[in-house]
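Alright, structures below, take your time with them.
In the two complexes below, chain A is the common chain; its partner is chain B in one and chain C in the other.
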Partner chain A sequence: MNLDEAIRLRDPAQLPSRRDEDWRWTDLRGLLRTIPEPSSPLGPQAIGVGPFEGLAAESLVVANGSGPETLRVAPGETRTVILRHVSRGDGAHSARLRIEVGGGARLTLLESHEGGGSSLSLLGVDLTLEDGASCERLVLADLDPEAVAVVELDVELSAGGRYAQTVLTTGARRQRFETRLRHPGLRSEARLDGVYILAGRKHADLTSVVRHTGPDGRTDQLTRGFADGQSRAVFQGRITVQEGADGVDARMAHNALILSDRAEVDARPELEIYADDVACAHGATVGALDDDVLFYMRQRGLAETDARALLAVSFLGEVIERIDFAAGAERVRSWLLARIGAGV
Partner chain B sequence: MPAVKDTLEQVAGLEKYEHGFVTEVEQEFAPRGLDRDTVAFISRKKDEPDWMLAWRLEAFERWSAMESPDWARVSFPPIDYQDATYYAAPKAKDGPASLDDVDPEILKTYEKLGIPLREQEVLAGVTGAPRYAVDAVFDSVSVVTTFKKELAEAGVIFCSMSEAVREHPELVRKYLGSVVPVTDNFFACLNSAVFSDGSFVYVPPGVRCPMELSTYFRINAAGSGQFERTLIIADKGSFVSYLEGCTAPMRDENQLHAAVVELVALEDAEIKYSTVQNWYPGDPETGKGGIYNFVTKRADCRGDRSRVSWTQVETGSAITWKYPSCVLRGRESVGEFYSIAITNGRQQADTGTKMIHLGEGTRSRIISKGISAGRSSNTYRGLVSAHPKARGARNFTQCDSLLIGKSCAAHTVPYIEARNGACTFEHEATTTRLSEDQLFYARQRGLSEEEAVQLLVNGFVREVLQELPMEFAVEAQKLVAISLEGSVG
Partner chain C sequence: MTQMTRPDSTAAMLSLRGLHARVGDREILKGLDLQVPSGEVHAIMGPNGAGKSTLSYVLTGRPGYEVTAGSAELDGVNLLELEPDERAANGLFLSFQYPLEIPGVPALTFIRSALNAQRKARGEAEISAPDFLKRARSCAADLKMDFDMLKRPMNVGFSGGEKKRMEIFQMAMFAPRFMILDETDSGLDIDALKVVSEGVNALRAPDRGMLVITHYQRLLDHIRPDRVHVLADGRIVASGGPELALELERHGYDKYARAA
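Presenting the complex of A and B:
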């Protein structure tokens, strides 16, 4: 099973399927009988403007699989970079990007996934943070309903560093964000948050694997979302604490609302612990909007759609409040409001 | 806290595994290996009708084409299924008719294990003391079932599976394999082909079973496995509480125990199924020997408002692979799972439950307490799912893991699948070690470190112990203490 090879060799047998335990709820082999032709390159006019426009001077664009392959932030430097991943048409493409953040440097990465058509795409990112380096990643993904997209991120965190991400998505035909983080501990911290708003027949899978390899690390995860129509939301989170990684404090929460009888939410929050001096916990809830609260708000004169939107905003808002980059959080909030208005 | 005091006293004079003795008794065996002839041999020994043999043989064919599952978080060398004996029974003259015909060595075994096989012994207590009927299974056969007459007066059928196949074929044919299909999984399929004995219970409509029923499983013979099959049917509006205990001698070889337990609860019926599993866990230092406990247990809440509760205390076995489940089919049916799983030494446990909500308004509750010590590994694996028709389904799950020592492991792998807009699932899990502060406090009060650990552990598992029937709760509490022997310091 190797998605990159599946695309390069156009071999559907390499696609992950429901028989692969980690992909049981995001079956690609059952969905795609053949791999589409490679995508053709995109001209600048087809790329347009992204959702983070104006928040940073520097912008990287990966369009239909082509774009820059490396980004290096020098030690001590502070930078904000926009990364746009744009897919158009009905082809298949994959790209890999390497990001290095030098010692003590700070990177704010504003990432967007746009378009999609009916393409199959893979974006792989390798992110290395040297000692004391930090990175905050904000992701907005709003793809066409026929797109199939996978984004894989491998993070190498170092001592005293910090990695934080907030992924917001409206899903696709099949979509997966997989974050794998190697957490060395040593006073380093990680925050992995997510929001999904799914309607129609869309699907979104937020998967994370955090491997604590050293002592005194912190991980905090909060994912919230709702599924309407015939959509399907998948949350998989695994926290591993290796032998010797004492003093780890890891928390994970996933809260989902199902708004329709034909929507589905699947969750698997895992803990894998090989050290005894740890405090690890996870919580997962799935439920419907509270009828009593809705009733109360309607009694106060709010229209039902407004009441539902208000509840949704307060439910998802807690994730947005955890974003450090204030201008980014503002942009994310209005992005979210525009979609909740349409989605709830 | 008399129970805690009792535990401490118990631990003081303990061997490491007190049930590890072997009973010298003349036995007969099936020839080593597994093929169609072995299956036919077992069926013949049990004097089974043709339909039963055909059922077994079909299962054997299906099993031959299956592969051993590898998804559980346990590791063991491949099992050579040809290098074992699939039938071992004490030699007897046409099966014991009464207790007097049973080999005295076997009676002594049960006496040593503290299992009352003589009805009068049970009655000898104070009037009104709780009584329980016992089906004693020794390797592949049931040696005796007590209180059958009194139970029969209430209409309750309680006998060994072999007897049920002969005496109540209509019930067996109707329900056997209806909860756990023959090809459900590798080990259930193997069991369907070679199952030996186990208990059969039928409680007629509206009857509250007058006493606790229990089965005591004992593996004695070397080089053999135990493949019991238990079937419990609670007809409309009935109630039954069933207890299961198990032990085995200490041996250097690994022995396979692949059981299938099927429960059927019809309308308004309730089944309470409790297990205290204390198979030989293997040598704590070398990991040699011990039982492979690969068990399929499932309850079908077929009727509306039916209720099944699984309570398990898992302390033994080298490897445990077991997920007692509830299929909540009837409207407003209820499934419960309470579990304590303790691993020490080099034990491995991958255990949990499945709550499958199919009917409207179904509810389930899962409380799992895992404790790992030594170099052991303890995994909770569970599934809670609500199907589109299960509107109003509710689940609450709590899994807590406690780690004692630097080299043990605890894992939590819950699967949650919600497929309608009117279900409420809540899941919470924690993994911690024993609190230093609490230990310090207990030690300050004069308890030794070992005593302090036991006190805290007893508190940790209390919610589950409360669900056990009285007699079992005491035994289970002692077991918790024994299992943690040597885990401190």
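Presenting the complex of A and C:
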């Protein structure tokens, strides 16, 4: 199983399938009999403007698989960079980006996934944080209903560093965000948050694998979302605390609301602990918007759509409040409001 | 909002005629007639299962409560064709028997959104933040409520008594024209009952009406009704002055249950 090779060699046998344990709810081989032709290059007019426009001077664009391959933030430097991943048409493409953040440097990465058409796409990012470096990654993904998209992120965290991400998505025909983080401990910390708002027949899979390899590390995860229509949400979170990684503090929570009886939420939180003096907790809940609460709110004068939106915003808002970059959080909040007003 | 037809002076504020309603296949209201004139407080008493709570939900438009015949008007406006929020904007307020919790939404945020939604529906300007806070502080003080409680998520983790007090707080904030109090005394100790009743009595006015639904007479010692009605098996089977409540307290509902 290798999605990058499946795309490059146009070999559907390499697509991940339900027989791969970690992909059982996001089966691509059962979905695609053939791999589409390579996508054509995109001109600037097809690229347009992204959702983080105006929040950073520097902007990287990966369009139909073509774009920069490296980003380097020098030691001690503070930078905010927009990364746009734009897909159009019905082809297949794959890209890989390497990001290095030098010692003590800070990177704010404002990433968007746009368009999609009916393409098959893969974006792989390798992120290395040197000692004391930090990165906050905000992701807004709003793809066309026929797109199939996978985003893989591999993070190497170092001593005293911090990695934080908030992925917000409205899903696609099949979509997966996979984050793999090597956590050395040594006073470093990670926050891996997510929000999904799914309607129609959309699908979103938020998968993360955190490996605590050293002592005194923190991981905090909060994912919340809605599944309406015939949509399907997948949450898989695995935290492994290896032998010797003592004193680790790891928390994981996933709370879903199912808004229709044809929607589905699959959740698999896993904690594997082989070390001592470890504080770990995970919780997962799946519920529905409470009709009695909605009636109560309407009796006080709120229209039904406003009552639903107020409940939705308060439910998802706790994830947004954890974002550090204030201007980014503001942008994310309005992005969310625009989609909740329409969908929930 | 379009101008409402002016009720003539003899017409009741709340007027229910031949009201039939069902929940699922079960008919619960079976031809209920009731007139509450402006300025009056009427009590509805009756045995469990008589349809008291159903009446409050039918009037406020709770989904699942289907009116099959009859009419319900508030100041000549047909309530039955309005959404629950439109009924609220028309001045109808229900103090719930079991108030709901709204996780993540601070009480003041919720009340302000609801108040402004009502004002907008009536074509009025939004209330300013300072005016709103001033009003909230004054209402909270009247009801001897800790103001910090209003910053917490609505009703979340509140005791039964605190929730009831929060209902009356909202009633005071919205200043509705017609109020339905559904078993407001349940969950209240005697001191809380006094405070809450004072809050309710403060809202009595010549241009307002009130329907107090209760199983026990105790509440009516504090909120003195002008009229008392007995609801049994989906109909009003007896009406009288405040003395009727005392009689019910002594003799129970048996004879009405049999009559129905």
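One rule holds in what follows: the second predicted complex is superposed on the first by the 344 of 344 C-alpha atoms of A that agree within 3 Å, B and C clash if a C-alpha of one lies under 4 Å from a C-alpha of the other, contacts with A are read in each partner's own complex, and residues count from 1 in each chain.
FYI, a residue touches a chain if its C-beta (ideal position, glycine included) is under 8 Å from a C-beta of that chain, and two chains touch if they have at least 3 such contacts.
Everything quoted here is computed from the prediction, not taken from an experiment.
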Next on the checklist: Do chain B and chain C fit side by side on chain A in the superposed arrangement, or is it a clash?
Outcome noted: fit
Next on the checklist: For A:L153 in the superposed arrangement: first (chain B), second (chain C), both or neither?
Outcome noted: neither
Checklist entry - Looking at the overlay, what does A:I273 touch: chain B (first), chain C (second), both, or neither? => result first
Checklist entry - Which partner, once the models are overlaid, touches more of chain A's residues, chain C or chain B? => result B
Checklist entry - Which angle, to the nearest 10 degrees, do you get at the Cα centre of chain A between the Cα centres of chain B and chain C? => result 80
Checklist entry - Thinking of the overlay built on chain A, is A:L310 touched by chain B (first), by chain C (second), by both, or by neither? => result second
Checklist entry - Between chain B (first) and chain C (second), which, if any, makes contact with A:A199: first, second, both or neither? => result neither
Item to check | Partner chain(s) touched by A:M297 [first = chain B, second = chain C, both, neither] | outcome: second
Checklist entry - Is A:E318 touching the first partner chain B, the second partner chain C, both, or neither of them? => result second
Checklist entry - So after superposition, what is the minimum Cα distance from chain B to chain C, given in Å? => result 16
Next on the checklist: Applying the document's contact rule, which stretches of chain A touch chain C when the two form their complex?
Outcome noted: 290-293, 295-304, 306, 310-311, 314-315, 317-318
Item to check | chain A residues touching chain B - in the complex, by the definition given at the top | outcome: 21, 243, 256, 258-288
Next on the checklist: Considering only the defined contacts, which chain B positions touch chain A in the complex?
Outcome noted: 71, 388, 391, 401, 403-433
Item to check | Touch list for chain C against partner chain A, complex | outcome: 60-63, 83-85, 87-89, 93-94, 96, 99-105, 110-111, 113-115, 117-118, 121, 170, 174
